[in-house]
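The chains carry the letters A, B and C, assigned in the order they are written, with residues numbered from 1 in each.
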Amino acid sequence: MDLYTLLISICLHECPALLHAGALKAAPLLWASLGGAYSERSGVINIGLEGMMLIGAFAAVAGSGLTGNPWIGLFVGAAAGGLFGLIHALAALQWKANQIVSGMGINIFALGITGFLLYRIFEARGNSPEVTKIPAVHGWEDVPFLSDLFFPFSLLHILLLFALCFTIFIFYRTAFGLRLRACGEDPEVVKAAGVNVSFYRYAAVVISGILAGIGGAQLSLSDVSQFSVGMTNGRGFVALAALICGGWRPGRAAWVCLFLGTAEALGERLTAVFPLIPSRACQVLPFVFALLVLAYKRELAQQPRALGKL
Amino acid sequence: MGKRIAFIPISLFTAFAVTGIFLWINGFSPIAFIRILFTSSWGSATGILLVLTKSALLILTGLAVAIPFRAGLFNIGGEGQMILGALAAALIGALPLQCIGVFHLLLCIIAGILCGSLWGALAGFLKVQRGVHEVIGTIMLNFIAFKAVNELTFGAFSADAGSGRTSFIHESAYMPVLITHGAADTSIGVLISFILAVGLSIVLYRTWFGFEIRAVGENPTASRNAGIAVGWTQFWTLTLGGACAGLAGAIETTGVNHTFYARFTGGLGFDGIAVAFLGLCEPWATIPAALTIATLRASDRALQLDLGAPKEIVFMVEGILIICIAIFTRRRNERNSE
Amino acid sequence: MNKPEHVSGLNAIPALSAQGVTKWFGKTPANESVSLDLHSGRIHSLLGENGAGKSTLVSILYGLYEADEGRLFVDGRPIQIRRPGDALQLGIGLAPQHFSLIPTLSALDNLILGRENKNGFFLDRRGAEREITALLDRYRLDIPLHERVGNLPVGARQRVEIAKILYRKARVMIFDEPTAALVTHEIDRFLETLDNLRKEGVAVLLITHRLPEVREVSDDITVLRKGRVVLQDRFKNVTEKQIAKAIIGEELQTETYDLPQTGAPFIRIDSLSTNAGKTKVSLNHISLDIHEKEILGIAGVAGNGQEELIGAIFGLIPASSGSIHMGDRDITLLRPAERRREGLALIPQDRREEGLLVSHSVMENIMLNRHAFKEQRAWINKSAIQTQTMECIHQYQIAASSPDQSADQLSGGHQQRVVIARELLTQPQWTIAHNPTRGLDLRASRFVHEKLLDLCEGGAPVLLFSSELSELFVLCHRIAVMYRGAITAVRPTREWTPESLGKAMMGLA
């Protein structure tokens, strides 16, 4: 095989496959990033995304395992995430807790309660049994180029795209979004305009939890079909980092998530093709890159002015 | 002071009450839970030694959070700083330097401290010079440390292919044992961490550097007006915090594991946040705070065996505890968030 | 007290009326049985010194405070205003001194925030824009609706603020010091806008301390002093002399001080410039000579570069060109701590935010002057500092029972004493004071003034930034005016009159 055909094969096969793998890895991140966007744009720091994802991942598996219906599982996962969002909102807004500490508490609490319930519900430690997962979309398998790029994917991915567009739309084209963003910039002004700031912040943090919960469900009920303890493995933090690198804008955060996912996928594929390249080393690079971006493009990181302030 | 510390028993009570009710609903006996919690930790010499060993790490990771917080910074990077410190100690410890005797151990510890402080300093640099918020900076640096260390332990520094750990360190690099009891022991790392906690309290309250840290944490604008180099003070606190976390890693490697594997921390770096805030970010108070959290951590296995409840139950207690603390400590660093 | 009588053509029932409003803060009344009527199509000016109770009254009218006694009426109906939301619903709008706008949002978004038109689920920006454009035309307000508010000049921001209130269908508008941050042509434009509002039948309450504006637009006038109404009448019935007298009162003879003879030039600021970030003012070739034993006043409307000049003098903002000399020492490139070591001292304008560690002890606040304890290296010698603090407490009569008392427990005046005690601990060579008497009562202000005079008698010059013109007139040898980041005039105090100084501050020199 000469170089030319190799190049063509890369372009036609490897690149779409890579993008596809990257997009799959990016999906749970993006759910959580979108969630983070709601909370942080309303002015509430949400470092508890990790915990909200984890509880979502567990609750989704539990829901699906107990009822046999993955959609009920998804719903339960979202609800559990939302519940954790509500806990964070209560702590941060009602009791004016330090939002960073409270978020870390949520993370550790989620780790504990998922482990406990895993044992209670499935009598298992470490990993849950396999449950019914969210079905994949069929019908594209035979299309040559597109199948590489888009297949396989589950219905949850379609929902994610919808959620992304919906979020952008909510933020910039609805009164709810305008008020929510204003709360994150200057709650006093919003209050003076006769708007109930607390309502918007509560709503934002709960939505944040719901989306992070769905992100967890994406991991446990769509990418695989079981729950394992601590399976989010820091993805909530990565999602937050992606959000910040994207300047707290959902659209840009989506690109950052895709970049991080693709870079991870690239690492794995490189090792498959060239065993000499250390794949795990490649996994460091996106984070180094993101940090450099933050350090050299300060204006990207224009944080909501009232972030973390009540 | 009275009002300030009243929240600690309240938080502890809330955490245990909520967990107790939760256990009760799920058919476990809350009383047995408490009993096993204490008997397995403070009820036997072995248990006490385990608590002490764990509290050494927790004190240090607690200091890694508490010291920067006194200057108004939030160091979430304790985990990464600790991992790097542990790896550095393991690598130096595995070098054939038996001939230099106790200096081998010292070298390990210094390497651990240096690597940890370097990681803290990097976050400090990004914060002070480049305006990267320290929370996000330390989160990223954590990931870089995890991933890099993961690669190194499976790759370049792997003891044998795919083992995921480094070679065992030489005995000359072992931390001397403080107390032994049967098979259990604890190294002098406990002593070091206790001394450091008290020492840093002295630094904070009896030296001008410590005063500047507190001044910056209380009011950076007034401090800047008074001629204090606010950014550098913050930089040094992160470096110091990183050094504490790095030391924690070195102690764990030289005193407990005698090798390095990537998942050794089990989240102890993040527990530093609980320790620091339970101790109101006073360095000396990380000692009782760490003992509290260590009690939870030390009893997790016993809970699983004797109570039949999964060991993650202790994370529930800890999580609720942290949320309660977050609520009660309110917003001490409100001023600095600008 | 004469109330404005009914004028034919006007609605006899006031649009908003306050009767016998009293508000206590602790044991001092901020408002004492204040009555005030606002009529549609009339502009009512509310005057008074700082602390006369104007802001309190406004807060009560707008629902930020609740009055302890007294009643409010809208169109003759008794009403309760508990929240700003209530006030808005009753048609009462407030344009606060500091704009209540969100700089990252467009003017349009700021206008519709909280009162959005909806088109089903959508935000109907186009519909809102049509409505608002019509509104702006009617009141002849000119606003670029799609520009971010952060990019608009101050005058335009104020128009956004006004439009925001009008869009909420306010019939009563309260302006709190609307012209404080405006430059001259913007003020003229604002007064035009006020006139338009009046023509459209809005009842306006204008709070200000600038007589010329009052003269130009007022129909009615009320003067408050120490929380009481001391003058209330139709504007045409009173003379400016009466107004001025009412504002100042009888008892306050302006204090006079004996100023020491000034000596040789000591400080030389030469063509000092800075590059500003986005929001700050940049300094533009500032040159000043300050003599020994001199108090040089810097007058100027807030935000014309005062903060930046102080920052540049202290080394907090790097100079892009020019130099600062103290004696024959060039301090332009020194770090802040080094400048302090050379003898610079600062009494900042906001003691709680910029000067004190409020939750720390008095002693630790004294310790902030590191230079005073420079013989101590790494370790703190607590007993030495305690002695020093006791001395300060003694000498400055700080109402602290011990050096360990928290600064938070002191009153504002005593907090300021702590700041001054600390800053003067090391016999500074050059003191910068920024509104050092802000928020202080007469006695406390006098204390501060005397300390500044003591300082300059000792030989060290003082640079006094103040927005209290009376303070500048009594204390300063010379007064310089800062306008848009530059010094536009420096003259001996006797060559200034309040009018000429006011004009210069507006950039009319």
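In this section, a contact is a pair of C-beta atoms (placed from the backbone, for glycine too) under 8 Å apart; a residue touches a chain by one contact, two chains touch by 3 or more.
Predicted model only: the values in this text are computed from it and were never measured.
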Check: Is the number of contacting C-beta pairs greater for A-B or for B-C?
Finding: A-B
Checklist line | Greatest separation from subunit B - chain, by CA centre | finding: C
Check: How many Å are there between the centre of subunit B and the centre of subunit C, using C-alpha atoms for each centre?
Finding: 48
Checklist line | Inter-centroid spacing, subunit B versus subunit A (mean Cα positions, whole Å) | finding: 28
Notebook entry, point to check: Okay, in this complex, where on subunit A does subunit B touch?
Noted result: 47, 51, 87, 91, 95-102, 104-116, 118-120, 125, 229, 234, 237-238, 240-241, 244, 278, 280-281, 283-284, 287-288, 290-291, 294-296, 298, 301, 303, 307-310
Margin query: If we count contacts the way the header does, which residues on subunit C are in touch with subunit A in the complex?
Written below: 84-85, 88-89, 96, 100-105, 109, 112-116, 118, 121-123, 164
Notebook entry, point to check: Inside the complex, what are the residues of subunit C that reach subunit B?
Noted result: 314, 316, 335-337, 339-340, 346, 348, 353-360, 364, 367-371, 376-380, 382
Next item on the list: Write out the stretch or stretches of subunit A touching subunit C in their complex.
Entry: 173-175, 177-179, 181-182, 185-186, 188-195, 302, 305
Item checked: Residue ranges of subunit B in contact with subunit A within the complex -> 22, 26, 74, 76, 126, 130-133, 135-137, 139-144, 146-148, 150-151, 154-155, 267, 270-271, 273-274, 277, 309-327, 329-334, 337
